[in-house]
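What follows is a set of structures for review.
Two complexes are shown next, each including subunit A; its partner changes from subunit B in the first to subunit C in the second.
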Partner chain A sequence: MNSTKPRLQALRDAVNHVQFNRFRFWFQFAAFVLFVYGGYISINLGSHMPFFSCGYNQEGRAGVCYLLPLQHQLGQPWPRLFGMAGIAVLTGFLMFALWFIVLNKGWCGFVCPLGTLQDWLTALRRRIGIRYSTYSQGQFAQLTRVKYLLLALLVLIPLGIGGGLFSHNMSPPFCLICPARMILPMFTGDFSQFTVDFSSKTSMIMTATGVSVMSLFLVGSFVKKRFFCFFCPMSALHYLLSKPALLKLKKDGSKCTRCGDCYNVCDMEIKEIADDVRTANIMTDDCTLCLKCVASCPEKGALQASFAGIPIFVSTEEGFIKRMGKGAHHGK
Partner chain B sequence: MENNGKVIPIHAEPYGRSRQAGEAQDVLSHLVEDFEDNPASMQYFYDLFRRVYCHGEEVPHRGMLVGTTCIQAPEELIYAFGATPMRLCNGSYHYDQKGADFMPSKSCSLVKATLGMLSAETQIPKVGKPDMIVNPTTCDQKKKSSAMIGGMGYKVYDLEFPNVKESEASRVYWQRSVRQFAAELRTLTGRKLTRKNLKAAMEKTGRAQAAFRTLHNFRRKSPSLLLGKDAFLVTNAYFFDDIERWTLAVEKLNEELAQREKAGFKAVQSKAPRVLFTGSPPIFPNLKLPLLIEEAGGVVVADETCSANRMLYDMTAVDEWLVNDMVDSLADKYLKPCTCPIFTKNEDRKRRLLALMRDFNADGVVYQAFAGCQVYEMEYRSVAEEFNRMGIPMLYVETDYSPDDKGQLSTRIEAFLESLKNRKKQRA
Partner chain C sequence: MLRLKLCVLAMLAALSASSYGEEAPDGARRFGQGGKPSEAQIAEWRTRRAAQNGSESAPAAAAAMPHRHDDMPAAAPAGKPEEAGHGPVWPGGMALGMRGGALWLSDTPPMRGEGGRGGMRASGMAGMEMGGGHGAPVTKRVWLRSGNDPLKSGFAHDDAEAAVESVLVTPRSKPEGEPLPAADGHKGLSFEMPAQGFYRLYLTSRKLQGDTLAVAVAKMEVGNFTHDGDEDEVAAALQAPRALDSAPLEIVRERKQDEKKFFQLKSGDEQAFFVLQKGLPLQGARVRFVSHQGWVKEGVSDEMGRVSFQLVRDYYPPWDEFQKRFKATYLVIAETGSVESGSFNGQPYSGVRYQSTLSGNYYPSPDDYQSYAWGLGIGMGMLMFCGVAVYLYRRRRVKPYREEHFDEQH
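Coming up: the complex of A and B.
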């Protein structure tokens, strides 16, 4: 008993003092390899993944992004959808929710291949020495709503297709414009998604939009950290389910000096992380739970990540000094 | 005969130096001799102040000298350009009287003393004539000093500082202002701001801050390992001392405190009331109030003032170590956590005070407001209400640099400490 306690504390200290950015880089790298190439060694985690493990990457995927089956399911003819098939939709959603609950939005910050790709583009820009761009607060307030709009369309358009209101060529609507559909298969040598489909007017419009969105994605993520995540409908869906999630980002406002260090490093420019000293559950809808804020907080216990109520990564002064000192040394 | 009939000029200098030196000598001997068991590593600081303030020794500096009239001027930038920052805020009553020529009689002693020092022929601490003085536009008195300092023949740069800090607009405005300051320093020094020199500068300040934080954390211990008068002297030395030498001296002091902790050392009696100090900053030789508190058996365990905690506590986080991001991060550090009363709202100051009360296990608060320092005088009410609500006793002291009120203050402080002791007893 006596020997376990200091050992546990030593482990906690080691975790809290970790070179966080390096840890996260390798974690993301491993997750990227798993979900983009895992299929080659027959890993299949199902089709309810709460992140962009793109289904169009037919050979390499180790699981399928839930948005693909969801749109297909919702696009069934209404009599079927509102009959027995409805139960399949509900159970599918439940499976998705169960996956989601484990990591919360941590799927975005640590696992999503499209998110990781954006971080790599960011790293490339940083190496070249170009500064990132930011939104103004006004722009931010407007842009943050786009993802909800996309989520609504992602549900309504398939319903419309099922009801015969829209052409089948629009299905699955979000996937057709999602940059992951074109980019992720490319990593396994599949460039077939990289086309504009001229077979019908609707297909042409959808796939052309897709190509433009992808170009925008590449340019956008180069100049803006986590450019696409602001608009991600998966992120919106996450937020609607985040209450019971196990991984949580917590803030103790009484320990916060509002120094803004966390806000300063936040890829998603979330001001509340620094300024809100009342909300304990500080994860907002734009958050990707990357936990960079915890790593850059110099106040002991002001920010922490907890899993099922157990603190797993807590901000500390020593950790901060170590990490920032290392940061100042890097590149020497 | 030797003068060939020339008039020998009468220097104000020796007289001034002696009065200034006398004041410093008096405070220093109280500070050192009235207390037993001063840490051995404090000797560096006692000697430093004796040499600089009492003997008028010069403090050498590297590169150009940039005077600052407030902690809001980012020192990392000044270091990055190969210049040395020097905080001009002054604590001498002698200079305060000299500065009275510039300001209305009912204005802040600190501002008057700074003006008095700058206008004097002999300036203590003797670091040299600043090549530029940065004057952040914080309180009205500092704002208005700008033109007066300029009138004395100094090159003054007004660093535009917002007076609301919550809004994103002020943050962006301030970031721009800091970038302009960097451009100004570039013109002044003829050097360039690079990733390398800014990083090195931030490391230097970062190490000093880490040393300060360690010292700060030692003060949480009850009974105390270190007295507040020594802690103030340490942070006051940061105003003019070489930053690297200062950091080494503080690290040495920290080592000694670690040993003291191991040995179960007590710098004060176990029952000594623990005081949190806030308000107008104590600057050597005006350590009147902290000294009175500790001579009466209390101990200052923490402070919320711009001559100590507020100057060194908050640290900078950078996401991408590129010049732009580093400069913006620095700007954030100098604005967002600041608890200066010049801002419209003072929520952060109240929250900081409550956190310090809790973390340092303090029994009461002493609030110093320099007569004429309107912002601190005006914030008294809201701070008092907050403490009242939380049941925390506070003593509000309006004073200035003059030693005349010492007797009267000593009685009030003794009574306050006595009441804190009684409260402690009743609670036990």
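Coming up: the complex of A and C.
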């Protein structure tokens, strides 16, 4: 019993002092390989994934992003949707919620292949030596609403399709404009999504918009960290369900000196992480739970990630010094 | 007899030189379980054919007259069905097609009047009906139709002189299938599909026409799969046998190597079919492929019973009426005959005329309506526009370098 405590403390110290960026890079890399190529070794985790494991990557996917089946289900004729098929919709949503509560928005920061790609584009930009872009606070306040608008459209348009108000060629609306539809299959050699569909005016507009959004994604992610996550409707859906989630980001305001390091490293430019010293559960709707703020905080216990109430990664002065000594590229 | 032996030797030589074994060395690709025949399957056929040759059964009789089509080209020129239907006459006076057109099974009922509506629009869920409640099995309805043109064929009329029997082979049934109640007029045949897999329906009609027994086998294969089904069940379904050993004549669609459970044929695809008689490949059967609009291509089955056709594109609506999910129907008709004597309903006959049909669906090829050039063009254009826009925006915001001089003495 006596030897257990020092061991546990040693383990905690090892985790708290970890070279966080390196750990996260390899974690993201492994998750990318799993969800982009896992299908080749028959891995199938179902169709309720709370991140962009794109269903259009038919050969390599190890699971399917929940937004694809959700839109298909909501696009059923109303008598069926509001009848027995509604049970299937609710069951699917429950499965999605069960997956989600495990990692909360950590799915975005550590697992999402599209998020990982954005981080890689950021790394490329940094190597080239081009500076990154930021939003002003006014732009931030306006743009942060876009993801809720997209989420609303993602639900309403399929409902309209099921009710005969919109063309079936519009289905699934968000997937048709999602950059993951084109980019992730590309990693398995499938370029079939790089087309414009001329079979109808609706299809033509939707697919041309999709190609345009993909280009915007590439340029935007190159100059702005986590550019697309800011508009991601999955992120909005996450935030609606985040209260019961197991992984949480907590802040102890009494230990915060408001040095601003956490804000400087935040890819999403969330100002509250530095300014708010009252809220304990500090995760906001734009947060991707990448935990870079915890890694960059020099105050012991000011920021911490906890899983089911148990602290798993806590900010420490030693960890901060160790990471800064290695050059963490924070803020570039 | 000498001719028969020479034929068998020639067939064996052709088989030994074939590359089927190399292309499909594993048992998973065996014919009857998905793709082309394996060497093991060919050896089994040889054995069964040898056994049947001794008993003078139908395949033996068919094998005894393999030269009747020697003067035919491998694939005759394409044409409209009206031209083909009244064209060549078989030796022995056997006209192409049964009287009144071929019997075939369709998942769409005949259309009212003329017009080119596709099955998708005509039938909604393509004869698929949901069961009584949530979780209840899907019910499939098919209609027996008569004619050589998918668009113009009407309902098959009841024939009191014909003996009709229906057999349904399901993923859970015995390999020889189970009888199904006969078609009920225009209501068609219905059956439930509780398990994932392929359901094969055979409707066999026997009728005496003069001194010839006309045997018509209409076949339909229906796939029933879901997105979230049991994977083992799906794998078993994709490997399950696909031919009925007791069928007098049968057409089996050859599966492509990369076929999955939701496979769709597209116009422009090359598709092969096997003609089997009592489960054995039939050489020399005359096979017609009829497209949705009625274009016809003819071919003759080779020593493996195989014949291949290209699904011609025959869907050319105005652009604003184009539907990429347009479901077109193709019809394959295989015919052969044999000199057999016997009696049917107490009446003697001296020959048997076999006809088998198989219908299926195909869809417009994505190449007809998707453009990579436009996709890449728009993508590259947008990429350059965004890149230049970001560059100019940043350049505009750069403040010009300005030196400030301070004179500390004043």
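By definition in this document, the second predicted complex is superposed on the first by the 327 of 332 C-alpha atoms of A that agree within 3 Å, B and C clash if a C-alpha of one lies under 4 Å from a C-alpha of the other, contacts with A are read in each partner's own complex, and residues count from 1 in each chain.
In this text, a contact is a pair of C-beta atoms (placed from the backbone, for glycine too) under 8 Å apart; a residue touches a chain by one contact, two chains touch by 3 or more.
Please read these numbers as outputs of a predicted model, since none were measured by experiment.
Q: Output check: A:R126 vs subunit B and subunit C. Expected answer is one of first, second, both, neither. What do you get?
A: After superposing on A, A:R126 lies in contact with subunit B but is clear of subunit C.
Q: Is A:M84 touching the first partner subunit B, the second partner subunit C, both, or neither of them?
A: So A:M84 only meets subunit C here.
Q: Is A:A274 contacted by the first partner subunit B, the second partner subunit C, both or neither?
A: first
Q: Using the touch definition from the top, list the residues of subunit A that touch subunit B in their complex.
A: Against subunit B, subunit A makes touches at 126, 129, 131-132, 136-137, 253-265, 271, 274-275, 277, 292, 296-298, 317, 320-321, 324-325, 327-331.
Q: In the complex of these two chains, what residues of subunit A are touching subunit C?
A: Its residues touching subunit C are 44, 46-47, 69, 84-85, 87-88, 133, 191-192, 194-201, 203, 207-208, 211-212, 214-216, 218-220, 223.
Q: In the complex of these two chains, what residues of subunit C are touching subunit A?
A: My answer: residues 133-134, 227-228, 231, 319-320, 322-324, 364, 366, 369-372, 374-376, 378-383, 386-387, 390, 394.
Q: Show which residues of subunit B lie in contact with subunit A when the two form their complex.
A: Within the complex, subunit B contacts subunit A at residues 166, 168, 171-172, 195, 199, 202-203, 206, 210, 213, 217, 313-322, 324-325, 328-329, 332-333, 335-337, 348, 351-352, 354-355, 358.
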